[in-house]
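Take a look at these structures.
Here chain A shows up in two complexes: once beside chain B, once beside chain C.
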Partner chain A sequence: MMVEKWIERALFACALFCSLCVTAVFGFLVYFSWPLFGDAQGLAVVFSWVWKPFMGRFGILSMVAGTFGLAVLALGIAYPLAIGVACFTHGLAPARIRNAALSLVYFMTSIPTVIYGFVSVFILVPLFRDHFERGTGFCLMASAITLAVLIVPTIVISLRAEMDQRSEEVSMAARSLGLTPAQELLWVLLPCSGRGLVIAAVLGFGRAVGDTLVALMVAGNAPVVPRSLLDSVRTLTAHIALVVATDSQDRSYYSIFAAGLMLFLIMACLTLVIRGLGRRFGQGKENHGSAA
Partner chain B sequence: MAVRPERLFSAFSWLAAGLVAVSVGALVVYLIVRGWPALSYTLFFGDTPWMAAVFGSEPVFDGIYPAMVGTFILIVFSSVIAIPLGVCCGIYLAEYAQSRLKATFSFMVDLLSGMPSIVMGLFGFALILLMRRTLFGHANTSLMLSSACIALLILPYLIRMTQVAFESLPDKVRLLGPSLGYTRWQNILHVKLPAASTSIFSGIILSIGRAAEDTAVIMLTGVVANAGIPRALSDKFEALPFTIFYLTAEHRDDTELQTAFGCALVLLVITGTLFFISYSIQKNLKRSWRHGE
Partner chain C sequence: MSKLSLAAFIVFMGSFFVAGTVHGSELDRFAGLKGTIDIAGGTAHVPVMNDAAKNIMKFNPAIRITVAGGGTGVGVQKVGEGLVDIGNTGRALSDAEKNKYGLVSFPFAVDGVAVAVNPKNPVNELSSQQVMKIYSGEIVNWKDVGGADAAIHVFGRDEASGTREVFWEKLLKKGDVAQGVNIVASNGAMKVAIAQDPHAIGYLGIGHVSNDIKAIVIDKMTPTQENAKSGAYTVVRNLYMNTKGQPSALEKSFIDYIKGPEGAEIVKKSGYIPIPN
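So, the complex of A and B:
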């Protein structure tokens, strides 16, 4: 029928449009940072460690270091916690507490990032300032803790999805061996969920890299490579926000598009990693099915 | 006797859950305690009579009313753009797309959903730069641009929610249409879409929450600290999350700090309400399907 065909085409057009948007984002980032790639000198200016825009130094490498440092630290705090919470909500807790804990985890996803940052500025930052008597309190550690709270739900939800799937396969066997829920989780379910553990970590890392507000509000934004946990850092995301906000000279714009492009590529890599893991798993499952 | 590892593990997981619960609890309680005294008429409207503020005859100076209006308009316009597009896209992915194409499209959706919001904002900013260099010399960041970029930000959630809603329909719903001689589209329109609509609706609510809370996108695409109530889509505007951010960094006195706390509490209440609506819809949905089978 004609109508059917046109509807399918219209829906296809929607899907195509969405894909084109992604391509357009990438295209714009490349187009605007292109002048840098044209000459070796421009590239050297941006890929250097010094950010002094009024002296013509537009290096973003210290922001790259800041981004990775902050994300790794936040993940290091959040990951063990998230595994604990995921196991807690997956059999260790009594039913009623479990539901409350699960609701809490989902509720955490709805808290605006600006509020995480806001509260941290008034609770954590003074704590760091008074306790360590060094600097202003706006530092790597304070923002890493805040960011860790922010990414916990991401990790928990993704890990739980995997554990639910696994437990259907193994929990009967584990229980028939007389394992307690804690034993089952520790010795059977977690070792089985290797793929899910990696995916959850990657997702959490990505969320930490992509976040702007916490870093912008709490990390202090000094464009230098941090030497200690109490040093101020600036991330790529915060860098973009700051440069656009201060509306400085045209040439520093190149550097923010380079920063944007770098963020895009990091996220694309993480997406690819997750898809790679997912696909391999899918094939394995098919084999398993046919063997059975 | 040595401590058994699973005992230790169990204790650790209680500790982890407790720690997370305490930190979130502290956050919420702190906001309520500090924000509650700020909730007053002046927080919303300043010194302006509310009739005059609502009808726009007098500007509001010290209240967060303009920011609330800005956020509201932002939500409405980004939803108008993103919801039809996202739902159609989701339907296409769930019902029509074939293996290869489906993989490509869903990779694009994954990519879009992983995109940091600041990159989306940068995209909008670049769009304006390009327009200025080419055809429209005086193009500027505005409410319209922000809405479009926010729409792009929430699009992947909508697509995924729709797709999952369609793909997780039980078989009896799936087969009802064909058994009545419906064509593919009739089946989607008359059977599957109504059956999936509740869960799509909860996805929409969730994405509205995202639109309300995002700060990084609008920061680059037209939000300002003092714009008043926007009169046109090409105006600059205020928004709740940006007001919080701005006042945190720039508050001059205690009154403004109080405004910031009040504003944060208001935003938390708004996003929290949206979340609980969406969450309870999904919970009921799961329960009703389990009973239905």
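So, the complex of A and C:
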């Protein structure tokens, strides 16, 4: 009894510590970017479209556009691929190929981002530069493809976790109805995994928004709103990395706290979406959950 | 183990020994000294200061050296107010600054910036006017400056870069820079970008120029280490250490070390040109 109580307390302390850390990060971000929110003029300067720090223009909205553009594009490429991989490895593929594919996916999660960026700079970027007339090759499309490779494992793994769980519940019934594995997947398992499909997408999107190095190395970092897939973009994360070493007395320094706050809020919204979905889908399956 | 490999092994170990003794003589001036040196200021100086500090503190653990950035302005203020012992600046002090605080300056390196293109590019020479127009987005095709009919791919450096500062102040005369310029985060990344792209233009520290890229003659000035040192090439700045009044014995040793042969090696490694004593 005593031991159980102590374990409970220790776990509670861990949870408390984590939430305090997150709250503190948020607090610091607000505190440091407060000088901006203090006066309306500062706010207008930061929430504008032009970034020319040496001309007194500190707008970060182009970076917000760049972040979303890149993340949406990367998800658009990665999501169908990842669903394909998840389905293929879930019943369709022969065991040996399935295992090989899965270990590859797990292996991909452990490859450092900088490797992807590096390889892209030497392979993808020249490809885009030589085959299209426009731009330097450091562009939205090149970085979106790189980022897509990066987030595929995230999506596959989270989707498979959900599918495994659902499969336990439905596969007996599906098989007894005489469905082939492909039919089972298409008509039973995927429709049952609605929550998993959404959560996997949100997680992949979050990973794409949060990644710094791929954008920094491959996207070209020009602070403009992209008008073509071959234009360079700068993301919020890359912006912070580029500006963080400047003179800390400078106004451009405040802009990175605003950028950090923005990223924090985007991530917080994504988490809320996941939780909201979990609750909504969860209610219908309450008895399943408790049975498992 | 064969005789040959044994010989090789002895030579190998011997080289450590020789290197060790040379090492020692340069650092000998710190023997018996103790105390702390606090350094702050120009970001361009930080890698040089850090390497020197590491060597010195390893040689004599009784000496503690802290290195902070902050920029040239911060360097002047902090050393002037006595908050640090050495304040680094990327420019000569103004008379007002010298008089107000009684600062003494020690130049130790030249930071020169070269404009570079891909070796395949036929353009060898540009005027500073042309470079300004290329960076402001007025000239967008190589054929307008004597090259092939191809779009110019313009590369620049990040906001925190000292290289960017020199280039922008000395060559662009603080002129406008187009928003579409691609930004890379280091001299190394700049070299890769230019070496890969036949239509690229960019700029980097003269110490980083190699055969992969071609440094451009600007206004008839050839960007070489010698010209940067002699003043024949003007897209340069000196890097200074400054003390309030004459330096103390420990500070003096540090400054002499930076300006000595071993310090010169560190300066070169960071991509700058050493100014000897």
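Methods note: the second predicted complex is superposed on the first by the 263 of 292 C-alpha atoms of A that agree within 3 Å, B and C clash if a C-alpha of one lies under 4 Å from a C-alpha of the other, contacts with A are read in each partner's own complex, and residues count from 1 in each chain.
Quick note on the criterion: a contact is a pair of C-beta atoms (placed from the backbone, for glycine too) under 8 Å apart; a residue touches a chain by one contact, two chains touch by 3 or more.
No experiment lies behind these values; they were computed from the predicted model shown.
Asks: Looking at chain A, does chain C or chain B touch more of its residues?
Replies: The larger set of chain A residues in touch belongs to B.
Asks: Once the shared chain is lined up, is A:95 touching chain B (first), chain C (second), both, or neither of them?
Replies: neither
Asks: Based on the superposed arrangement, let me know which partner A:2 touches: chain B (first), chain C (second), both, or neither?
Replies: A:2: touches no partner chain.
Asks: Quick check on the superposed pair: does A:264 touch chain B, chain C, both, or neither? Answer first, second, both or neither.
Replies: Touch status of A:264: first partner only.
Asks: Should A:121 be classified as contacting the first partner (chain B), the second (chain C), both, or neither?
Replies: Both partners, chain B and chain C.
Asks: Which partner does A:241 reach: the first (chain B), the second (chain C), both, or neither?
Replies: So A:241 meets both chain B and chain C here.
Asks: Let me check the overlay on chain A: which residues of chain A are in contact with chain B and also with chain C?
Replies: 121-122, 216-217, 241, 244-245
Asks: Could you pull out which chain B residues touch chain A in their complex?
Replies: That would be residues 5-7, 9-10, 12-17, 19-21, 23-24, 26-27, 30-31, 34, 85, 88-89, 91-93, 96-97, 104-105, 107-112, 114-123, 125-127, 129-130, 152, 155, 159, 183-185, 206, 209, 212-213, 215-216, 219-220, 241, 244-245, 248-249, 260, 264, 267-268, 271-272, 274-275, 279 of chain B.
Asks: Can you list the residues on chain A that touch chain C in the complex?
Replies: Answer in residue numbers: 50-55, 121-122, 125-126, 129, 133-138, 216-217, 220-224, 231-232, 234, 241-249, 252.
Asks: What does chain C use to touch chain A in their complex?
Replies: Within the complex, chain C touches chain A at residues 43, 69-71, 73-74, 151, 153, 155, 158-160, 168, 174, 176-177, 179-185, 189, 192-193, 196-197, 200.
Asks: Please name which positions on chain A make contact with chain B in the complex.
Replies: Residue positions touching the partner: 1, 3-4, 7-8, 10-12, 14-15, 17-19, 21-25, 28-29, 31-32, 80-85, 87-89, 92-93, 101, 103-119, 121-123, 149, 152, 180, 182-183, 185-187, 206, 209-213, 216-217, 237, 240-241, 244-245, 253, 256-257, 260, 263-264, 267-268, 270-271, 274-275.
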